[in-house]
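Have a look at these structures, which come just after this line.
In the two assemblies presented below, subunit A is common to both, partnered first by subunit B and then by subunit C.
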Partner chain A sequence: MLRPSFKPTMRKLALVAAAYRRWGRQVMAIIVKEWRQLLRDRALLSFVIFIFSLDILLAAGAPGFDLHMARLGVIDRDHSLAARDLIYRLRAPYFDVRAVVDDALVLERLLERGQLRAVLIIPHGFERTLVQARQPADLQLVIDASNSNLAYLVTSYSERIIGQWTATRQSPVAVATLRPGGLPQVRLQIHTRFNADLRELWFSTISELLTMITVASILLPAAALTREKERGTIEQLLVSPLTPLQIVSGKIIAMVVVTLLGSAVAIGVVMHGLLDVPFRGQVVLFFAMVALYAMTCAGLGILAATFARNSGQVGLIVLLLVMPIILLSGTWNYIESMPNWLQVLIELSPLHHFVPITYGILLKGADAAAIALPAVKMTLLGAGFLVLGVARFKRQFR
Partner chain B sequence: MENPALIELSGFSKRYGKTVAVHDITLRVERGQLFGLIGADGAGKSSLMKAVAGVLAFEEGSLRVFGTELNSERAAEPVKARLGFMPQGLGLNLYPDLTVEENINFFARLRLVAPAALRTRKEALLAMTRLTPFRDRAMKYLSGGMKQKLGLICTLIHTPELIVLDEPTTGVDPVSRRDFWLILTQLIQQEGLTALVSTAYLDEASRFDALALMHNGRVLAQGEPDSLSQRAGARIVRLHADRSALTALATHFAQLETHDDEARVYVECDDDLQAQQQVLEVIAPSSAQSLSVHLPELEDVFVALLRSLEPLSASTPHWTGIVEHAPVSGDNGHAIYAAKLTRDFGDFRAVDEASFTVNYGEIFGLLGANGAGKTTVIKMLTGIVPPSAGIGRVAGADMRHAGQAIKERVGYMSQAFSLYTDLTVKENLLLFAGVYGLEPPLAEERMRWVIKLGGLQGLERTATGSLPMGLRQRLALGCALIHQPRVLFLDEPTSGVDPMGRRHFWDILRTLAHDDGVAILLTTHYMREADQCDHLALMFDGRVVADATPAQMKADFSAEHGQLLEVRSTNPQQVLSALQAAGFAQAIQHGHHIHVMTHEPDTAVLRIRAALAAHGLADAQLVAQALTMEDVFVQRVLALESSHRHARARSRV
Partner chain C sequence: MNFTRLCALVRKEMQEIIRDRLYLLLAFLLPVALLVEFGYGMTDDIELVNLAIIDQDHSAASREYAQRLFSTRHFRRVAAPEPADMERALSDGSARAVLWIGSGFERDLTKGRTVDVQVLIDGAFTGAARTINGYLEGMNAQINMEMRSAIQARQGMAAPVPVPLQAVRLQPRFLYNPELRSIVVNAPSLIMLVLMLVPPLLIAVSIVREKETGSIYNIASSTVTRLEFLLGKLLPVVAITMINAVLLWLTISFYFGVECRGSLLQLAFAILLYVLATSGLGLMVSAAVRTQLAAIFITTMTAIIVSTQFSGLFAPLDTAEMSNQFIAKLFPAGYFLPMVRGIYLKGADLSVFWPELLALFIYALVVLWIAHTLFHKRTHS
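Take a look at the complex of A and B:
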C-alpha cells in the first residue's frame, strides 16, 4: 500500500531537484561572467590586488603608538652635571635630541615649521635646587600639540623617563635617614596576553585588513551592479527568466569569493608569512566568518548601487558608507569613550560585530562558541541589508 | 574661375594606437557646398570631422581649411574662430539643466559675440527653428529633434562660415529629421554657409550637393549623389515572380532583395534593355510580372561597393528546425495581443490605450516619432515595466501574472547595444545560455547554431567591443535567440549598422519569421526597413493611429493625397519657387528633387511643365515616383501634429 504514494513523491523530489539545479546553473552563469569581467577590468583588478597585499605591508610600517626618534630641542641654561645626565637619558630610539640656541624667536620658528616636536628647557640653578631638595626642581617642556596623539606620546615618554631618573637621584643616604626600611614602594607586575611583546604591527595590520575587507566587499558588488545599469545590460537580464534575487546573488557570491581569496593572500602570505602575525584559531571558522561578513557588506553594496546612476556616484556613496562603518566599529578607537548616543548606532556597523570575531580567532584562538553572539548579530544585520537591497533593486525598474 | 576649396584633404590618415581610423583620404569641399560623409559606425567619419574642426591631431597627409594648413595647434586657432562644430550624440554638447536661452547665451559668450548682435541673431535663429516658445524650457525636457535644433543654433550663434555637424540626425525620427534638413538647407542658402555633415542614413544622401561614401576608414566613392548612381554602371530590375523563379534569381545575382513575391535585382549592366535581358535569361519571361528597370539608388551602389570589398561572410541562414511548430493555445493563435495597453509615468501618459495583435510568422513594425511610446510598449510586453491599465498578452499569457516562465518564450534586444563588450563572443553566448538555464550539451548545440546563423564563425574568441556594429547586432540577436523564443522583440536593432549588415540582419529576421513561425515585433527609424515589415502600426503621442500592411498604408495615403511627382533639377531652389508660384503650395524640396503630391497627375504634369518653361527651367526632368514609406510616415505625422495642435488650441478656449 505504501508503494503508489511513494513513487509520485520521488518524481516530485526529482522535479524539485532539477529546478534547484537549474536555479544554480543560472546563478553560476552570472558568477562566471562577473569573474571574467573583473579579470578584464585592469583598474579594479589592480585596486583589489593592492588592498590585499601592498596596502597591508604599508600598514605594518605605519607609525602608531610607539614613540620613535621624536625631534627634541634642548635649551640648557644650567650647564650642570645633573642637566647633562638628564639630557643623556632622553635619547634614541625615543628621542632625537638637538641643541637649540637660547632664543625665544628661534624656538618659536622651529616649532612652527615642525622641525622640532618639543623643546625641553632646563632653567638656571636646576641642579642646586635638586640637590638641596627643599622644593621641586622645575623643568619646562614645550610640546607641539597639533598632532595630539604624538603630543600625548611625547608627554608620557618624557614623564616616565624623567620620573625614573629622579628615582636614581634620590641618594641612598638621604633615603636611609628618613626611614631604615626604605621608602614604601609598589611594584606592578604587567602580564600581557595575546600579544606578549605588545607588537603594534599585529594590531595595525589586522585593523587595516578589516578596513580593506569592508571596502572590497561593499565596493565590488556595488560597482558590478552599477556598471550594468550604466551600460544598459541590466535590461537584457531583466527580460530573461532570472529573478532579481538570482541576479543579486550571482554578483554577491562572485565578489565574496574574490574577497575571500584576497583575505587568504593577505593573511597567509603577507601577514602570517612575511610579518609573523599569529593565526591561533581555526582556519575554516575564520574564513567562514569572513564570508559571512563579506555577504553582510555586499548587501549594503547592493543597496548603495540602487541609489547610484553611474560608477562615479557609486564610488561616492560607498565612501560615505565605509567611513562611518570604520569610525563606529571600534577598530581604531575605544567604543567606551564614545558618547552614549553613538554607542547605540555602533550596533548598525557590521564591522563592530566583526572586530571581536577577527581578533578573537586570530590572536586569542577563540572557538565558535566564543564568537557566537557577534556572529548572530552580524548575520541578522546582513539579512536586513540584503532584503532591503533586493527589494529596492526590484522596485527601481518599476 | 574654379570655386575655391574650403576644405582640402590629401593622403590624410589618422591612427589610434595600432588601429587605423582613417586611411589615405583625399577630399575637397567647395565654398557654399553641403557636403555629406556617409557611413556606418566606425567608418571614420568622426575622426575626419574632428580633424577638420581642429580638435584632433593626425599622422599623415595634409589638411587645409580656409587655405590654412592645419599642422599645429597654433595654426588651428584662427581657423576655429571661423567654424562651428557640433559633436556626435543627442545634445551631448549642451547643458541639460540650463534653459534653451541660457544654452545659447553661454555659447555666445564663449565665442565673444557682442550683446547687440547676439540679441538679433538669437531671435532670428529661434524663430527659424520654431524654438521661440520653448526658450525658457530646460534643455533636458526637449525632444530629440528639438535638442538637435538647439545644438545647431549654438553652433551657428557666432556666424561661422563653415559648420561641421557630426551625425546630427542619428536617433532622430524621420519627421524631426526632415525638419532639421529643411532648416539646415535654408540656413546654408541664406548665409552662404558651407557645411560638412555626416550621417548613417543613406536615404538622406540625396540632400547633399556632394558626398563621400565611407567604410572602414576609406572613401569608397565620392561625387554628386545622382552622378554616383549613374556612374555605378548598373540597373535595378524590379519584378514580381513565383518562389522558384526568385530562388533561381538568387543563385545568379549576388545582390537581390525579395519581399513576398517581389524582387529587386541589382544587374551590373549600363543599359536598360540589356539589364532586363540578363534577368529574363535566368527566369522564363512568362513567370515575371510587372517588370521595370530603374537607376540604382545610392544604397544599392553602396552595397555593391561593399560587396566587392568583402563578400558576405555567411550564406543565407537556415533555421535548423529546432523550434517546434506547435501553436500556442489561447488568443486565437495571436503571438502578441495588446488591448488598451496604457502606461503613466507620473502625470505623463507615455502609452495611451494601445491595441494591436501580432501573429506567429509575422514581422510587425512599430513606427513613430521619438517619444511616441514605442519603447514603453515593448518594455510593457517584455515585463520590464508593468502596465498602468489594459491587457498585454504574449505567447498566450498575461505578462503581469505569468511570472518567469513566460520569459522563456520571449527574446528581447534593447535599443542600446546590450551585450558585455569586455567579454568575447563565446563568453556572451555562454552567459545567456546559462541565464536561460540550458543544460551544457544543449547550450553547446545552440551556440554552434547561433554562430552559424549570425555568420560569426572564427570570431568566438574576439572581444565583443572590437567587433563592427553589424556583427555586434547579429550577436545580440543570437543571444536573444539562444533559448529559441516564440516571440522576439527588437528595439531599433539596426541603428548604426552599414547597409550590407542591415540586409544580412533582415535575411535572418525573414527566415525566423517566415520559415519558422517566430513572431517579431520591432521598431525602426529606417523607412526602407518599415517597407519590409509584414504589418505596421504607427504610434503618435502614445496612441496607435494606423494599423495596416505597408502596401495598404501607401494605398490609403495615395487615395487621400494622390500621386507623387518628382522634379529633378540642378536648380532646385528656382524650381521650388516656380512651382509654388504656379499654385503647388505643397511642393517640398528633397535635396536636388522637388516632390509634389497630386490627384490629377496628367493635368499636373502639364501645369508643371508650363510653369518650368515659363521660368526658363525646361531642362528639369519630371518623373512619376512610387510613394516611399517615408513620405507616408512624415505626411501622416505632420497631419496628426497639426490636428493635435488645433485640438489643444480649441480645448484651451
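Take a look at the complex of A and C:
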C-alpha cells in the first residue's frame, strides 16, 4: 500500500471545483437571459432608468417640512401702531400675509378651499392692553388643522415671532419691577447634527432613493418569476439541468446588479454630483449594504411570487407588501410612536433595518460597527425569505 | 357605440374577475388592509421619542427639569451617554436628541440668571428634527413660565403692580380637528392614497394580458369598437373601486370614528371622478406597453411616486419647487386631496371646488382619449 493518498482527494477536489464552476456557469446563463429580457423591453428599461435618475432629481424639489410662505390672513381690529408693527414681523420666508375681510363667511370659504392656512385676529384695544401691562394682551389665531404638521408649525413659528417682538418692546413698567438680575430662565442652545441647516433635499432624495430601490427590487423579481409561471416557460427551465435554487438565484442576482448600477448612478451622479448631498461614510461598505438589501427585498419578492398565479395577482400582492414597508419603516413616521403590535410587525420590513444603515453611512459617516445590529437583522430576514421562497417554489414544481 | 356589445364586454370582464378568486379577494381586501395599517402607523404625534439627558449638575433643580420633560408622553428617557459620546448616541440611533445640563444649573437659577442647556438633535430626518426642536422649545417655555410665576408668587406681596409674565398671549384655535388627532388628518389623505394606488393596478394588466396571450385577436376579428373595448375594461374596475370606496368610508367612520362632515353624495361624486381619472391612467399604461411586467412596474411606480411626491400627502404642494408643482398638475391626486379634505373634514360644499372637479373630469376624458389613440386592436409584432 504505497499509493499516495493525496491523489484521490485532489481528484475529488477538482471534481467539486468543476461542479461549482458548472453551477456558476448555469446561474450566469439565467442572469444573462434576465438582462436580455430587460434590455429588450424598451418601456420597462426606460422606466427603470427614470426611477434612478430623473425621479431622484425631482425629489429634490419635493414639498418641504419647513414653514414656507404659509398664507396667513390678518384681521386688524385695533388699527394701532403696535398691531401694524406686529403684522410687519410676520413675514417671508415663513408667512405670506394677506389682509382679509372681517367676514366670517368669506373666511370660512377661504379656509375650506385651503387658500388660507390660518387667520390672526388682533382684537380691538390690543395696543392699550399691551401698554398698560396689567394683563396679557390677547391675540387669536385660527388655524386650519386638517394638516396637523402644518398647523403645528404655524403655531410654533407665530409664537416664536410674537415672543421675539414682545421682547424688543418690553414695557417700561415691566422692566422697572424686575430685579436687577431679572427672573431666572433656562435657555436651550439647540444644535442640529448631520444636517446642520436642515436642508430638505438631503432627506427627500435619500428617502426617494430608498423607495425606488425597495419597490424595484421586490417587484421586478416577483413579476419576472410570475411571468414564467403564467406563460409556462418555467416548465422549460425546470426540465433543463437547472435546479430551482439556480433559477431563483439567477433572477435575484440579475436584479441585484441592476439595483446596484441604478443606485450608483442615483447617488454618484444625481445626488452627490448634481445636488451636493454628502457621502460621509465608506463607499464600499455602503454598496455592500445596498447589495444585501436588494437581495433581501428580492427574497421577499420571490416569496410573494409563489403565492400568485398570474401577473395581475402578483401586482396586488406586491402592493399590499410594499406600501406599508415604504410608509411605516421610519422615513416618514415615528416607529417609537406606533402601537406595539405594529412595532413588532415592522421588524419584518427590510426597509426598517435599511433606513438607519443608509442615513447612518451617508449622513452620519457611520462605520461597520455602528450599523452592525441592523445589518445582521436584515441579513437574517433576507435568509429567511430566501429559504421560505425557494422551499415553496420547489414544492410547487415537484 | 353599441350598448348590447358594451354590456357583453362588461359581463365578460366581470366573469373573468370573479373566476380569479385570489385577484377578487385582493381587490376588496387591499384597500381596507392598507387603510387600517396606515391608520395606525402614520401618526404625526410624537410619542415616546428617545431622548437622552446628561445631567452633570446632579441637583434637585436639574432632576426636576428632566422630570418635567418626561412627564408628558412625548419623550422617553434612554440611558445617557458619556458627555464625550454625545454624537455616538445620535449616530447609532439610540437617541433622537441629547440634552446636556452642565454643572452650576441649580446655582445659577437660584441667583436669577439665565442658564444655557445644550441640545443636540439628529438632523438626518429633517421633519422629525423640526418637530422635536419645536416640542423641546415649547416645553422649555412652559417650564420657565411656571418657574418664574412660582418665584413671582413668593415675591408677589412686595411688588407694587402685578406684572404679567407674558405681555402678549396667543390663543390658538384649531379648526376642523381641535384635538389634533392624527387619524382625523390622515383619513381623507388615505382615501386619496388608496384610490390612487389600487385602481390603476387593478386595470394595468387588463389590455396587455390580452396582447400577451393573443386573445386580443378575438377582438380584432369582431365588430367591437376600440372605445367599447376600453370601456368594457374600465367600467368593472370603476364599479369595484366604488364598492371599495364605501368600504373605506365605513372603516373610517365606524372603526376609526372620523365622520364625514360634508354631504356623502357629494363625496361619492368627487370620488367617482377621481376613480375615473386614476383607473384611466392605468388603462393608458396598459394600452401603451407590450408586456405585463412593464405594465405592472410602470403603474406601481407611477402610482407610488404620484401619491407620495405629487399629491401633497406629507407637506402642502405649494411649498414645492415650481417644476414639481407643474408636474403635480399632470396627475389627479393633487386635485383630489384638497377636495376630499374639504368635504370630509371641513364640511365644505362641493361647489367650492368646481375648478378641481372640472380638472378631474377633463383629466379622465384626456387619459381615455390617449388610451384610445394608443390602443390598436391589431398589435404589430
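By our rule, the second predicted complex is superposed on the first by the 381 of 398 C-alpha atoms of A that agree within 3 Å, B and C clash if a C-alpha of one lies under 4 Å from a C-alpha of the other, contacts with A are read in each partner's own complex, and residues count from 1 in each chain.
Just so we're on the same page, a contact is a pair of C-beta atoms (placed from the backbone, for glycine too) under 8 Å apart; a residue touches a chain by one contact, two chains touch by 3 or more.
What you see is a predicted model; the values in this text were computed from it and never measured.
Please work out whether A:344 is in contact with subunit B alone, subunit C alone, both, or neither, and reply first, second, both or neither.
Touch status of A:344: no partner.
In the overlay, answer first, second, both or neither for which of subunit B and subunit C A:25 touches.
A:25 contacts subunit B only, not subunit C.
Using the superposition on chain A described above, determine whether A:99 touches subunit B (first), subunit C (second), both, or neither.
neither
Looking at A:41 after the superposition, I want to know if it touches subunit B, subunit C, both of them or none. Which is it: first, second, both, neither?
Both partners, subunit B and subunit C.
If you count the residues of subunit A that each partner touches, which comes out higher, subunit B or subunit C?
Result: the larger residue contact count on subunit A belongs to C.
Just subunit B (first), just subunit C (second), both, or neither: which does A:376 touch?
Neither: A:376 stays clear of subunit B and subunit C.
Please report the subunit A residues shared by its interface with subunit B and its interface with subunit C.
In the superposed arrangement, which is not itself an observed complex, subunit A uses residues 41, 231 for both subunit B and subunit C.
For a test of understanding, state which residues of subunit B touch subunit A in their complex under the given definition.
382-386, 404-405, 407-408, 410, 412-423, 427, 430-437, 439, 479-480
Which positions of subunit A touch subunit B when the two form their complex?
22-23, 25-26, 28-30, 32-33, 36-37, 40-41, 231-233, 235-243, 397-398
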